[in-house]
Amino acid sequence: MALDKFQIAQRIAKELKDGYYVNLGIGIPTLVANYVPEGINVILQSENGLLGMGPFPKEGKQDADLINAGKQTITTIPGSSFFDSAMSFGMIRSGKVDLTVLGAMEVSENGDIANWKIPGKMVKGMGGAMDLVASAKNIVVAMMHTNPKGESKLLKKCHLPITGIRCVKKIVTELAVLEICDKGFKLLERAPGVTVEEIISKTEGNLIVEGDVPEMAI
Amino acid sequence: MNKLYENADLAIADIIDGSVLMLGGFGLCGIPENCIAALVKKGVKQLTCISNNAGVDDFGIGLMLQQKQVKKMISSYVGENAEFERQLLSGELEVELIPQGTLATRCMAAGYGMPAIYTPAGVGTEVAEGKEVRNFNGKDYLLEMAFDADFAIVKAWKGDTMGNLIFKDTARNFNPLMAMAGKITIAEVEHLVPTGELDPNHIHTPGIYVQRIFEGKHYEKRIEQLTLSK
Amino acid sequence: MNKLYENADLAIADIIDGSVLMLGGFGLCGIPENCIAALVKKGVKQLTCISNNAGVDDFGIGLMLQQKQVKKMISSYVGENAEFERQLLSGELEVELIPQGTLATRCMAAGYGMPAIYTPAGVGTEVAEGKEVRNFNGKDYLLEMAFDADFAIVKAWKGDTMGNLIFKDTARNFNPLMAMAGKITIAEVEHLVPTGELDPNHIHTPGIYVQRIFEGKHYEKRIEQLTLSK
Amino acid sequence: MALDKFQIAQRIAKELKDGYYVNLGIGIPTLVANYVPEGINVILQSENGLLGMGPFPKEGKQDADLINAGKQTITTIPGSSFFDSAMSFGMIRSGKVDLTVLGAMEVSENGDIANWKIPGKMVKGMGGAMDLVASAKNIVVAMMHTNPKGESKLLKKCHLPITGIRCVKKIVTELAVLEICDKGFKLLERAPGVTVEEIISKTEGNLIVEGDVPEMAI
């Protein structure tokens, strides 16, 4: 059975290691924070200028001066720090952020990502996405395997304007966990009950299936 | 030399049509509300605004867009603004979208006297079109130029009469970077304190970067996405 | 993840012969006294030290020079050190002198993921030899590369167990820049406080840049030029 | 009569304007702080990371963490701020410092300055001097007109390794105030009782004397 968005977040949370500094994008990536494994401490970076992001505030505790990169009111954890946007992207650019989780509209088999612009639609801008994908050493994409029309989002080549080149390391969809390797998308895990055949049929880019592909443990 | 101004109207009095402005803030967080209101009141037009976002329809830079005061926006993200979209699609408004880190670093470059910086953001994308690409240690970077703005308009939490500024929480964002980058920097602060009251180790923007300062009034500090825990 | 170390010996235990080190401080102000003592004790050799100065004969990096642990100094000013001069003239020690602002900015570049920066310092002088000169807006600049150091060793006033640092007065100098620039950053602090005790708005170096931290002991904090008013 | 070093400092202090941010080098330039004209407020920048430098401390009030660029113990004035060395040279490089006063070994008629290195002698380094001269918009040099051998320090071309090119705006020596202009050293003022002839005889570079040259008022 295909994962729901919470399960996708839960699976991505297994990529976390103790002490990781993590940047979570808007959408499914944000949910990852809810599934941090026990015994593991991660510190969330918000690129508008905060390390040590905490949960959303309780009613009445919101502060207009304290928001995340999605402009939502948030809180801080003990040990947090604030900084300006240049330092924020400085630490991203110098590879200090251990893991970046992003949504995407398309990923190509060489790790290109498209997630900022759809021709013909109003372009809202790339925000920090281009900086993140150009610099992060470990990028995991959270997305659906296909678009609403049923077309694969794991492609030989991105059709949409790209956000960054050769940067994605892993992809977690409702169907599978895949890794970008030299030859394309390497299938690492299947969602419980999902067949390799279904994943093959929904993956346009080169899919590498080696041996038995285990089911995800979530 | 007196840097102290009575209010926003006086502090922005010499901003003229066609000026290039930097405006601090991320979304509606840490925006110079008083100066924006004064710019709307003054009705100055044909402005180029460098700001991470363009406000919402009825707040922030959105108020200047309503009055058609903006010729060009240089931003990283301009969603959540119907009037913006209308002007963009009708060709009344020009927009240059640049990556957020590039925006921040081009401000910093100006403040630090660096004419240009190299960043990997946008390599291989349409952002790279027309720009120099250079390889250092096996990785490609784009050459991006320092901004050149007539005025930087920023909002701080506290400030003193010498122009020293302290920001609060994520309202810091682009404010200290733009403060360094303007030919003339105008700072509005929530709390103006006498010189000597701020701890010199806590100051984020040294007064040398600030030419004008005033205590703002009636801060609305609107929240764009109120999100609460249950 | 635990960043907390018991003492300098443990924090520097994996620094090996031939390492490239950054050491914070300006003169004897804000230098990592405990780590320098531990490096002397460990006797690690053939070091390249990036530090604005080289200490005095019997303090600071001068202690490492006495033990002939330094192969190369990268500094802006190396006066006040007779042993340094002797080793330099005898050819035992290599020295690269670079402008102070260039030194600072090459540290910052490393911490900010910028491979190189442009600065006008040294244009037309022997510092420019072999370097790319580029004209922007009618002014010449030199291309200077970001530093690449194995370890950055810094001294802060306060720090917490997550590695957040606060510096005091002019003991800040190069410390926060080097803290950002090291592959591994070791911070010694005068006062280690529990996480959560530092105001997040006052932190100069966010913990993400610091891999190891310990509370130093027996700070001498020697004054190089005691100068008093009558 | 030629000025002493205190009078040179006093004359340079007349270049100060209210609200100026000023960087004073080591030696005579440091003395300028003692002669700030009444009614004028200047803020001293110390390139090791301080704006708002005050006088030397009283006995017992010294703090090892609070020194100037000459490594001397100092104090701060109200409204001072501390920052790191990158920001310090950033504000220098972006032209925020209104006036820089430096010593020199040689100045050439096109404004080149040599003040960091003597071939054959132990080289101590340029410290912040190259950054200052490359960036400051207004550089005044305080120096003796001649070296201990009696040779002019105002030259057609510097003999010593230079610190920066075409950067000096004004020079104050024990004999004269001079401005660098397109054609060379323009004589602006004479020290009280010093003749134009003496200044001519001690200036190797092109000296421009126009009309009556007034005596300095100090």
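Should a chain be cited, it is by its letter among A, B, C and D, assigned in written order, with residues numbered from 1 in that chain.
The rule we apply is simple: a contact is a pair of C-beta atoms (placed from the backbone, for glycine too) under 8 Å apart; a residue touches a chain by one contact, two chains touch by 3 or more.
Only a predicted model underlies this, so the values are computations on that prediction, with no experimental measurement involved.
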Contact-richer chain pair (by C-beta pairs counted) among A-C and A-B: A-B
CA centroid of chain A to CA centroid of chain C, Å: 36
Chain centre separation in whole Å, for chain D relative to chain A (CA means): 56
Length of the line joining the C-alpha centres of chain C and chain D, rounded to whole Å: 29
Where chain A touches two or more other chains, by residue: 82-83, 86, 89-90, 92-93, 135
Residues within chain B bordering two or more other chains: 105, 112-114, 119-120, 167-169, 172, 200-201
Chain pairs that touch, as defined at the top of this document: A-B, A-C, B-C, B-D, C-D
Residues of chain B that touch chain D when the two form their complex: 1, 110-114, 160-162, 164, 180, 195-196, 198, 200-201, 203, 206-209
Touch list for chain A against partner chain B, complex: 46-50, 55-59, 62-68, 70-74, 82-86, 88-90, 92-93, 112, 122-131, 134-135, 161-165
In the complex, chain B residues that touch chain C: 105, 112-120, 136-137, 139, 141, 145, 166-169, 172, 200-202
Touching residues (chain side chain A, partner chain C) in the complex: 18-19, 21, 41, 43, 45, 51-52, 76, 78-83, 86-87, 89-97, 135
Interfacial residue positions of chain C with respect to chain D in the complex: 26-30, 52, 75-79, 85, 88-89, 97, 99-105, 107-108, 119-127, 157, 167-177, 204, 221-229
